[in-house]
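Down below are the structures I want you to see.
Look at the two complexes coming up: subunit A is in both, with subunit B in one and subunit C in the other.
Up next, the complex of A and B:
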């Protein structure tokens, strides 16, 4: 889902502006809501997510993919801004090694940090009461991938590098399948965290 | 998630970081200068629509790779490995872009258009130039230096601090992941083995990821306490070596900017 340099034509500065504004609010959130303990914590989490993203996972159809982790971070930290911060760091370092472009970094953070983080967190919050906590995590993690993929298709179409109908169809179809794996992995991972360190989860605070 | 060669990204970071310990003119330059110069080249490559200009820029970057003592074959291999990320979209251009049809595949009924072909080549050239610039940058500038330079160029304090902490633990977590995977391998677990149920394999991966998440969280807590005991507070700042720019730095950035301006002038000259 990492967009490379040149594929956004002239539109890349727009996403930089959106991303810089979002990062301003994310840092403001971090200053107001987190104690200084969380700065090392978010940093080390970013290193952990980087390693998690480096792990190839088999996907049906004989291809492979890797975790994105935006929904995981947003749900465990109880805020989409945490996902924005962690994913920005991961994507920034990846861009210095050619995984996603330098000019496309704004768009990549916009898709995988902001859109995926807010979709994941928002759906989880909206659905946890009606359908239960863990089904909500599954849907949220799946949607975080799916919606981010649609955003990529729309951005490429705006830039004029890939037609909208084909892009929405293929990006959507492919990531709808991949999202199932992200959803399942996120659910099992959060279940495992709940068993071992329930105090880390927003709903388990003070419970351990 | 996506199709990835990402197991390769950690390896390529490792080798690139080793390359940064070599010595050459480019290695000795200030990090800020290299960062700005190569980002300017990338921005220009994304902006220009002239393939000839991109060819000249690519030759210039290859020459820089050549004089900076870094392994040529490794640099080329990294560029080739990274191409599929965006190259995929470039390759499709001749088939999806409307224009004058220059060739029709007899069996598939696919049209290749002239405009599409040219646009595909343009996208591919932009991608190659950008990747060459980034491979060069990461081979002559260490990650610590890149982050330090970005801090000096005005990145917010907290963000720079988190990044510099993050890159310190990057390799550690990669090793942790490898340890978990080796332990799984020693028990004959193979995530690519189709004889075991897909669901079960996915569950094992999820446990690995939960383990990584917990290890990084707990490591983060430990690191915080050890930092606290050494005087860390929310007003702490990362240490930044105050490096003065030298004449070589000014020459390099001056040369880069005049190089880009010359390219822009060439693109307006009707001769070529």
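Up next, the complex of A and C:
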């Protein structure tokens, strides 16, 4: 879902401004909440998400997709700001490989860090009681990539690149399917962390 | 960093490096959701990157575009770089906790 240079037309600086403001709040969150014990988790999340984003999974219609990871980070850290920090690092390094344009970096962080992180975190918090923790993780992760995809379609429609209706249709369709992988991998990753270091999770014993 | 945290860090990075190593061999080369949508809605669109990466699309040009080993170098290298970057940034942006450091270490 990495937007390349040129597709956003004149609108790309808007997303840089939003992203820089969000990064200010994300760093403020870290200053107040990120304890030393969680730094290895931050590094493992960033490395793991960079790697798994290179693992495109085939879906129907000759298309593929990869996991995004923002919901995973937001749920594991109990804060969407952690997702903003991790995805910013991942997307910055990816842009040096030509994966996502340099001018579109702000928009890519906005979509895959901010929108996906807040969607994933918000839905998880809303759903964990009524439907249970792991079903909530699956739904939140699915929705995080689906909503981010719709946001991309809207942004590209504003830029005059896509017609809004067809953009929403195709982006929504493809990412509704890719979201199933996002949901499944997010559940597996959180189960794995719970298995080895339950104390690192917000609901784990001894966790903060 | 406690031994427990170090073990988690090294184990986690190892898992990430294994995924990175396998990705060039296993990943689908079909266009992703956004690229597919671009092909449908603006056929013939050619991306013109503002910045020319020396390793475009995780390939090492010297090894040829079709060699998966260029991908291995780029993605494994990127994975290790980002782990170090996150560790460094984490140390800089973490909260100050001069007193209860000891308490949090091993529980």
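In this text, the second predicted complex is superposed on the first by the 188 of 208 C-alpha atoms of A that agree within 3 Å, B and C clash if a C-alpha of one lies under 4 Å from a C-alpha of the other, contacts with A are read in each partner's own complex, and residues count from 1 in each chain.
Definition applied: a contact is a pair of C-beta atoms (placed from the backbone, for glycine too) under 8 Å apart; a residue touches a chain by one contact, two chains touch by 3 or more.
Bear in mind the structure is a predicted one, so any value in this text is a computation, not a measurement.
Student: For A:132, select first, second, both or neither according to whether it touches subunit B, subunit C, the two together, or no partner.
Tutor: Neither subunit B nor subunit C is touched by A:132.
Student: Check the residue A:161 against both partner chains and state whether it touches subunit B (first), subunit C (second), both, or neither.
Tutor: In the superposed model, A:161 contacts both subunit B and subunit C.
Student: Who does A:32 touch here: subunit B (first), subunit C (second), both, or neither?
Tutor: A:32 sits against subunit C, while subunit B stays out of touch.
Student: Touching A:23, do we find subunit B (first), subunit C (second), both, or neither?
Tutor: After superposition on chain A, A:23 lies in contact with subunit B alone.
Student: Give one of first, second, both or neither to describe whether A:67 is in contact with subunit B, with subunit C, with both, or with none.
Tutor: first
Student: Looking at A:76, would you say it contacts subunit B, subunit C, both, or neither? Reply first, second, both or neither.
Tutor: first
Student: Of the partners subunit B and subunit C, which touch A:199 in the superposed model: first, second, both, neither?
Tutor: second
Student: Contact-wise, after the overlay, does A:181 reach subunit B, subunit C, both or neither (first, second, both, neither)?
Tutor: A:181 contacts subunit B only, not subunit C.
Student: Which residues form the common part of the subunit A surface touched by subunit B and by subunit C?
Tutor: Overlap of subunit B and subunit C footprints on subunit A: residues 1-7, 27, 30-31, 35-37, 39-48, 50-52, 54-59, 63-66, 85, 89, 93-99, 101-103, 161-163, 166, 175, 178, 196-197, 200.
Student: Residue numbers of subunit C touching subunit A in their complex, please.
Tutor: Residues 1-2, 4-6, 8-9, 11-13, 15-17, 19-20, 22-24, 26-34, 36-38, 40-42, 47-53, 55-58, 71, 74-75, 78-87, 89-91, 93-97, 101, 104-105, 107.
Student: Where on subunit B is subunit A touching in the complex?
Tutor: It is residues 1-4, 6-7, 9-10, 12-13, 16, 39, 42-43, 45-47, 78-79, 82, 85-87, 89-90, 92-93, 96, 123, 126-127, 130-131, 134-135, 137-138, 143, 146, 156, 158-159, 161-163, 165-170, 172-174, 176-177, 191-192, 198-199, 201-203, 205-221, 223-224, 227, 232-234 of subunit B that touch subunit A.
Student: In the complex, go through subunit A and note every residue touching subunit B.
Tutor: For subunit A paired with subunit B, touching residues are 1-10, 12, 23, 27, 30-31, 35-37, 39-60, 63-68, 72, 76, 85, 88-89, 92-103, 145, 156, 161-163, 166, 175, 178-179, 181-182, 184-193, 196-197, 200.
Student: Going by the contact rule set out above, which residues of subunit A touch subunit C in the complex?
Tutor: So the residues of subunit A in touch with subunit C come to 1-7, 27, 30-48, 50-52, 54-59, 61-66, 85-86, 89-90, 93-99, 101-103, 149, 152-153, 161-163, 166-167, 170-171, 174-175, 178, 196-197, 199-200, 206.
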